[in-house]
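Written out below as structure tokens is the structure these notes cover.
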Amino acid sequence: MNQDADKILEVKNLQTHFFTDEGTSKAVNGISFSLNKGETLGIVGESGSGKSITSLSLLRLIPSPPGKIAGGSILFKGEDLLTKSEKQMRSIRGNEISMIFQEPMTSLNPVYSAGEQIAEAIRLHQKLGKKEAWDKAVDMLRLVGIPSPEKRAKQEPHELSGGMRQRVMIAMALACHPEVLIADEPTTALDVTIQAQILELIKTLQKDFGTAVILITHDLGVVYETCDRVAVMYAGKIVEYTLAKEIFTNPKHPYTIGLLNSLPRLDMDQEELTTIPGTVPSPYNMPKGCSFAPRCPHAKGICEQAVPDLQAIGPSTEVSCWMFTPQWEKAYDAQEKVGI
Amino acid sequence: MFVFIIRRVLQTIPVLLGVSLVVFLIMQMVPGDPATLLAGEGATKETIESLRHELGLDRPILYQYVDYVLHAVQGDFGESLRSSRPVLDEIMVRLPITLELALASIFITVVLGMIAGIISATKQYSAADISIMIVALLGISLPSFWLGLMLIYFFSVNLHLFPVSGWGTFSHMILPAITLGAGGAAIVARMTRSSMLEVVRQDYIRTARAKGLKEYIIIYKHGLKNALIPVITVVGLQFGALLGGTVLTESVFAINGLGRLIVDAIRTRDLPMVQGGVLIASVIFVFMNLAVDVLYRYFNKRIDLN
Amino acid sequence: MKPEVVINNTELNVKERKSPKLRHWKAFYKKFKRNKLALVGGYIVLFYILLAIFAPLISPQDPYEIDLVNKLQPPSAEHLMGTDDKGRDILSRLLYGTRLSLTVGFVSVFFGAFIGILLGLAAGYYGKWIDTVIMRIVDVLLAFPGILLALAIISALGPSLINVMVAVGVFSIPMFARIVRGSTLSVRKLEYIDAIRALGATDFTIICKHIFPNILSPVIVQATLRLATAILSAAGLSFLGLGAQPPSPEWGAMLSSGRDYLFSAPHIALFPGIAISTLVLGFNIFGDGLRDALDPRMKK
């Protein structure tokens, strides 16, 4: 993780807050991660963990108001995106960094043809004429495996199936050969068989184009299949940051372990699936200490009082948990404290 | 689509029959006997009786209704009690004027309403938005007949810019069209605004942003077209309110249209005329609604699917 | 015996539900209070209601007293809004007219809402052919453009303020029927209604205790907005000479008499128009605010 030259994107202490009537929600609360050229980073978490907000923050697409990037930096090829003008950002969006979304059904504009929506991005960023852009859009549709692309390009989204629409979204996102592709739950809304096809497509195209991918998902299985490294998010923070393979064989954080235990696995003889007790804390009312402490089977007094830092515990693993700190042995038990 | 149109046209038949039945029944509620009224004062009992028979009033009410509908379908709405001319003839003289007024007003409703709504939505919470929304609130609250009188007072009586009343030239049309169209424009503006605000929250707008498009292209290319689809329905409904509103506007500006014909007919108790006028105005509205439905369906087919 | 059981039941229920219900209304009040504009609407309506109640006490003059010597007087210290074509004090007439407009508004909307709710409940609850028949009737009533239906009714019944109430009331029926039917259908589909029925509840108790509370907020919102329309329509009909008859101080009728003096005494037409507009505006923004606070889904 130290080959700095290969780093295309580096996020440092990113904070995205939402200011609403109910109070301030720290949806993304100081996260840091990096992305190397051509690799795939998975960001895993339950809904409400801040993973989608993270992805939108990278392109500065947070609806404002009520949202606002409150701090940190997003270094893309060494330059901080947070200091760029809106105009500079526009030339990056869809061009150098592009994004595909969870809902292929609603993410395409219903009143324009698929080809037009792809060609629009090409015209914008590559300054091509109408005809050339259209031809390139058709090429892209062929590339993402849509049969008879000339015909499909002229069709409107309502004439396409869900899987087909997600292919259109991918074609649109990759049309300008971006260096980073952010895929926000690209397969969640699709049928299982289509899911596998779409993931395979992303993987193939990633190799062909050399694109680095950030894959946002709640599905650990998808991470195992596609990612090199993974960041597990909980309540706006990264709790574990490690290699994708590592997380299955040697998970560290109690939350990651909980997630894995709630996953049906074919390679193990499971008696029953376990669930993590309790619920994600309200973003308006975060616990003082570790945000997972109220649900953690190992929590001690220290967990409720202070937030643990994300720190390296191995060559490629970082965890934010008091259990992996020297303080752990000295800490007294939460239950005991309550008992007194 | 073709099937939809056929089905929708067939659906209007019971509605039209219902409308004619309501109009017919309302006229049955009128106290007094039309034959006595028609025969005039001092008519003998025999004259009235024979007139009743002639008019078919001695037959069962259902028979009378069927008879009424069969005649109406052929364009026979009876004769005016006052002028003794066929009702349809009188209406056809007045109808073009009312339609002209209605079209001019719908133009104001649509153009003014949409422009104001778009400005409001794109500049949400700005001074322009707030003033447009306040004016729109006033627009739906002002009685059109009062607005008409005040416009006459300022622009015709004081400034002599437009004629006080009458119909015929373009300048005759302006004040009545504003009077009649203002309320609708206010409603369309409110609708356009909320529809635009709804649309800019949609996923495909986020997609457009992620593409790196400029904000005004996002709004006008990706937002507007979608936002205007629900507005079509409102415009259709406004056409009905507008058609009814001609009654008041024509009265204020002394325009000899269908609305004024109906009001005068009510005053002189010329029942066949009221019946015919209300029925024809309703039939126009029913067909207008049909057109709007088909149009809406055409634009909405893409959205309705999810 | 039976009623006793029912009474006990409701008492129990009230006790049980008190706290969530209270919280519900508190949340509504909080939301509503934040909407400053809606609050202004509420105050306008309240102001007019007070004017109507105390009209005899605060009217400077007799609204019917003819004084031909002082006719068509512009506003002055003696007549704050001037006098009309018969020398009557316009301010006093407007104050008394408030009573008429509010009465016409409330009575007609109550009438329309009552019948509309019954039709909507029947259509939504019983469904099948009852629904079909009722909704076809509603379609027919909605096929009349604007106030033409009211006009037709008045042409049959004859011009009078009472008939205006009937006509405007009928004009309101289809809106209420549609809204109530929609809400009834959505509650009707819920599983707990079937459970209650299985426990032996009659249609009547289900409708009164479970469906009616759910349709209440959309009905209140619709009624408030409808009051604005009703007052406008009634004034319009009187303006055409089909409603209140002279010497009634009805606002629309006053406006109508002012049109002949637009050149020499514009104030006769000016003030009744302002009165109608502000009252209607009050109901409109009050209704908008209620809708936003009670039922955000209806926001359109």
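Letters A, B and C name the chains as they come in the text, with residue numbers starting at 1 for each one.
As a working rule, a residue touches a chain if its C-beta (ideal position, glycine included) is under 8 Å from a C-beta of that chain, and two chains touch if they have at least 3 such contacts.
None of these values were measured; they are calculated from a predicted model.
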Checklist entry - Which chains are joined by the largest number of contacting C-beta pairs? => result B-C
Next on the checklist: Going by average Cα coordinates, which chain is farthest removed from subunit B?
Outcome noted: A
Checklist entry - Between subunit A and subunit B, what is the separation of their C-alpha centroids in Å? => result 53
Checklist entry - If you average the Cα atoms of subunit B and of subunit C to get two centres, how far apart are those centres in Å? => result 23
Checklist outcome for this item: subunit C residues touching subunit B in their complex are 136-137, 139-141, 143-149, 151-159, 228, 232, 235-236, 239-242, 252, 255, 258-259, 262-263, 266, 269-270, 272-273, 276-278, 280-281, 284-285, 299-300
Checklist outcome for this item: subunit A residues touching subunit B in their complex are 59, 61, 89-95, 98-99, 101, 103, 105-112, 117, 120-121, 124-125, 156-158, 169, 172
Checklist entry - What residues of subunit B sit close enough to touch subunit A in their complex? => result 202-204, 206-214, 222, 225-226, 301-303, 305-306
Checklist entry - In their complex, what parts of subunit B are in touch with subunit C? => result 14-16, 18-19, 21-23, 26-27, 29-31, 137-138, 140-147, 149-150, 152-153, 157, 191, 194, 239-245, 247-248, 251-252, 262-263, 265-267, 269, 271, 274, 278, 281-282, 284-286, 289
